[in-house]
């Protein structure tokens, strides 16, 4: 933690090691710890002034996703984050951080504002997933997430997405298509929660530890896979033990990165952002990098189903 | 009607005369005539192929406002229009052409598409006003109309708005912020319906003829006031007597105007569109056109309420 | 023509009087909600909010400016703009008579533009006055708002808009309707210049004002219980035969429906605005602000664009002859 | 690297077989809605729609292409792309075993790309196959769709996408999730090139596919009764304890909720698509199409951009070593 650069991602070494199974489960518990700092806890510490905005101007306001403008290192900044709620009542009110279409549409409204007023955008990801409810589906949950990603790709201002807890499913990625994507040390980023994955793949929700081990949704793994650009350290016992220090460590990464991103021309930034996401994915059969013949895929050319 | 140019607006002369009171009322009756051609009647005649789109991708589809893409003079074109409905059942289903926020949001979706695919946009205005309902208010009727106007101002493609019947209130203007705005011969464009105006200003809805005479919402008046750029003639007895001829006359104006607009560079077109609307409005006290001292407005400078 | 507006405004700028305007209350009022009686000074001291039940009394434009602006910092702009009567409109009485009566009450139009400081930050404000013909939007409202936006863009000043309006001014007919589009153009100029637009919705904000500039603020506040709607409750009840609840269209309901960012007690408004302006303050930059450059170029572009306009659209447009009487100009111009 | 994809694709293009693929039905089937029994040929003749009740049987990718394309005009592109196993994923069985079994059924991935003509108009199609691992979206789906979009942009060809998917492919973990963003990038390339994207939602279109490219088509059709949802009914019922109606998330309900443009019977789909493509056809222009120019420049830009990428993001990204085995490459690259 004494590393002045303040983020593991550029240290190399240990962070890039593959996490073993018990570690994965421990990280999942930490990422979901009910005392973990939530977006408003970071905002309170990073920004002397913050003004929350409300509503999508279409249907409603979604308390599961907070959005607002704040003063950050003497500049205006736009912030979006999943807010889970601390006690039972707030958790219910905030729907456990599961945003509906109204949340993503509020987020898009703030992105418009960020572009208009030339504000950097920071998103703080911490959700078990987008809200699975009939009403959310009727109002276009899928399209809301898709368009939020689309909107982020079109941003002219710099953007950084930070996984600060649980980053699960499209609900997380909906606000995650940024110039830089980073994870705090004890967080997860995954296609599905371990319970959900266990229920589907093992047909037994109780086998979530197996699912966790298989998904390996830790910061270390995601860093290895190129999903995130850096891993931001937390205080020694985890972010929930020292909010101030957790915020300070995040600040170290954030301020430096936004400054760096601002140096790029907007068009270049947008191009690189597209390229960043376009390149993700491992597969076989691609042509080699010098453009010569493909390694796999020769054959008679008949469509496989037609034989 | 035999004028090959096919639009009164550029003929000058009679069309620019001030209509007298009985004429105004007659035009109002014609504009609302239940047999008048509606957008789909024109579309059927002007476009060999047309595909309607549905839904705002947010909440619902609004049948009071039809939107779609069609083939027009061998080019793709986007069309939006208020559709009133012909028989009682259809009139109810289409809400008498009173669009809700979903209608304006569907329209905006089509505007996005027009911009993306470089299609000219044509809007056909025929509404007693935007739908006055509690649910419409709850879903942001005001903001929907405002944003639809905003979206039209941002269009990169050419746009023409045509009042084909009744153009009443913000519900009409919501799809009326185009490069060119024109009215068919027997149509009206007004801040409010005569009945609504009578109820408010005369405190007696029965005095709608008085209101009509005062508002003078005819094509001739609107042309004189600079609200519309041209008046497109109708068949001798009115558009409802000959749909084919009405469509042919509209076609004559539309095709020529879109071709002319396409010749302008998009940025210039957008600038001129802004300027067009920005200049509307008569008031006293403006500086003279050469920038010399103002005609009115000298005084002690105290704010008028502060004396 | 808009480009010329910029040239002459500074000469027209007026120093404000710091005395309390009488428009703010008269001799005293009883709260319509709880019946508590207040003397005018009491009410004014509490920003015309009931100390018992927090009812927000109407606040006209000048006292509103006194309330929002840092002490003694507001200066009215373009107070000389007055309505014309392009339709020669007569309902139960001629439009000019209505205007005259409204002016006799001490107001000059339904909107007042001022430059000012809030929390030390320079900005412009456009404040509507329901007391003047129901805060209705005619050509003067559209023009003043457009000038305010132009100046805000040119000088990179945030624009604060406080609305209170029954909608378009019917006596100006379809020309009033068109002010909706005109004010949206103004908002677009702010966007191009990257200048913040903060909207405060006071009671009532309805019709064409809500359906144009009032609903597209970057940040939007509403005063408690302000009615915010395109169609008013009576029109809706008549058309749809629904019985609307007391809460229909009120600020609190509009917040729940995602239409405003917050409901803010009037007494907290100056601090709240100061905070937002503080957040949105641009950092000092070495290069000249893009906004200022844009506005300068914008003016030149607008002048060029005007040349290219089809003759038709030049009619009745931001005009006003040397004698300041647009009305007669209109008819001379058109009938001749 | 994407820029190189364009260079090699033409060599990889395969002529299609015109024989009827067996994947379309086997020996015969009973309609699950009305019980009517059909022989395979009967079903195929009616586009696998029940002649009694209009139930739409699932249609796998190749017969779908036969159905949509003008006779004999479709040619598959990039059939050689195969999943890697970057997570060395094992649930009830190893991921590669699932892949192998899926391939044994005659399919090669959950999406098939083809160039073709519809109503005489050249276009590209990307057709998903629910029969291959539930139509799940892994890296190959993302990559193929991206290549299809690149080519569509480059050659100014409309892209038709037919979806049928349970969502992201869990066995590829968070890398599968990221394909959502990747496909949205692909859609953005189409936008930049002004190329139409027509989406047809077949049963079922759920999860990450609905929440990415499937929901942002320029025109969007759905097949009758297709389930279209981000969260499936079972998940919703478990989470919210609501009992959902039969109609939940079905095409007809999504139409009512404004999420699709029309519900189109499969038998009318080819004509409907031909009509839309006909409408959107660009007029013959003297100058070279902007789209083609864009794509050409785009390729050069992408190559330059790749140089500028931070080293981090180059990991595990569109890779595949000379031996075609990305899996081992990954682990060598990272552990070393």
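Labels for the chains are A, B, C and D, by order of writing; each one numbers its residues from 1.
The rule is simple: a residue touches a chain if its C-beta (ideal position, glycine included) is under 8 Å from a C-beta of that chain, and two chains touch if they have at least 3 such contacts.
These numbers come from a predicted model, not from an experiment.
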Comparison of B-D and B-C by number of C-beta pairs in contact, larger one: B-C
Geometric centre distance via CA averages, chain D-chain C, whole Å: 51
Whole-Å separation of chain centres (CA-atom averages), chain A against chain B: 45
Rounded Å distance between chain B and chain D, as computed from the means of their C-alpha atoms: 41
Centre-of-Cα separation between chain C and chain B, whole angstrom: 25
Shared interface positions of chain B, touching two or more other chains: 57-59, 139-140, 143
Touching two or more other chains - residue numbers and ranges from chain D: 215, 257-259
Graph class of chain-chain contacts, one of line, ring, star, complete, other: other
Pairs of chains satisfying the touch condition: A-B, A-C, A-D, B-C, B-D
Chain A-touching residues of chain C, taken from the complex the two chains share: 191, 194, 196, 215, 218-219, 255-262, 272, 275-276, 278-283
Of chain A, residues touching chain B in the complex: 57-59, 101, 105, 139-140, 143
Residues of chain D touching chain A in the complex: 1-2, 4-5, 7-8, 11-17, 19, 21-23, 60-63, 76, 78-84, 86-87, 89-92, 103, 106-108, 112, 129, 138-140, 142-143, 146, 168, 170-182, 184-189, 207-208, 210-216, 228-231, 235-236, 239-240, 242, 244, 248-249, 253, 257-259, 301-302, 305-306, 308-310, 312-327, 330, 334-335
Complex interface listing, chain B residues touching chain C: 9, 16, 18, 130, 132-134, 136-143, 145-147, 149-150, 153-154, 169-170, 173-174, 176-177, 189-192, 196-197, 200-203, 210-211, 214-217, 222, 224-227, 229-230, 268, 271-272, 274-307
Of chain B, residues touching chain D in the complex: 49-61, 69-71, 74-76, 102, 106, 113, 116-118
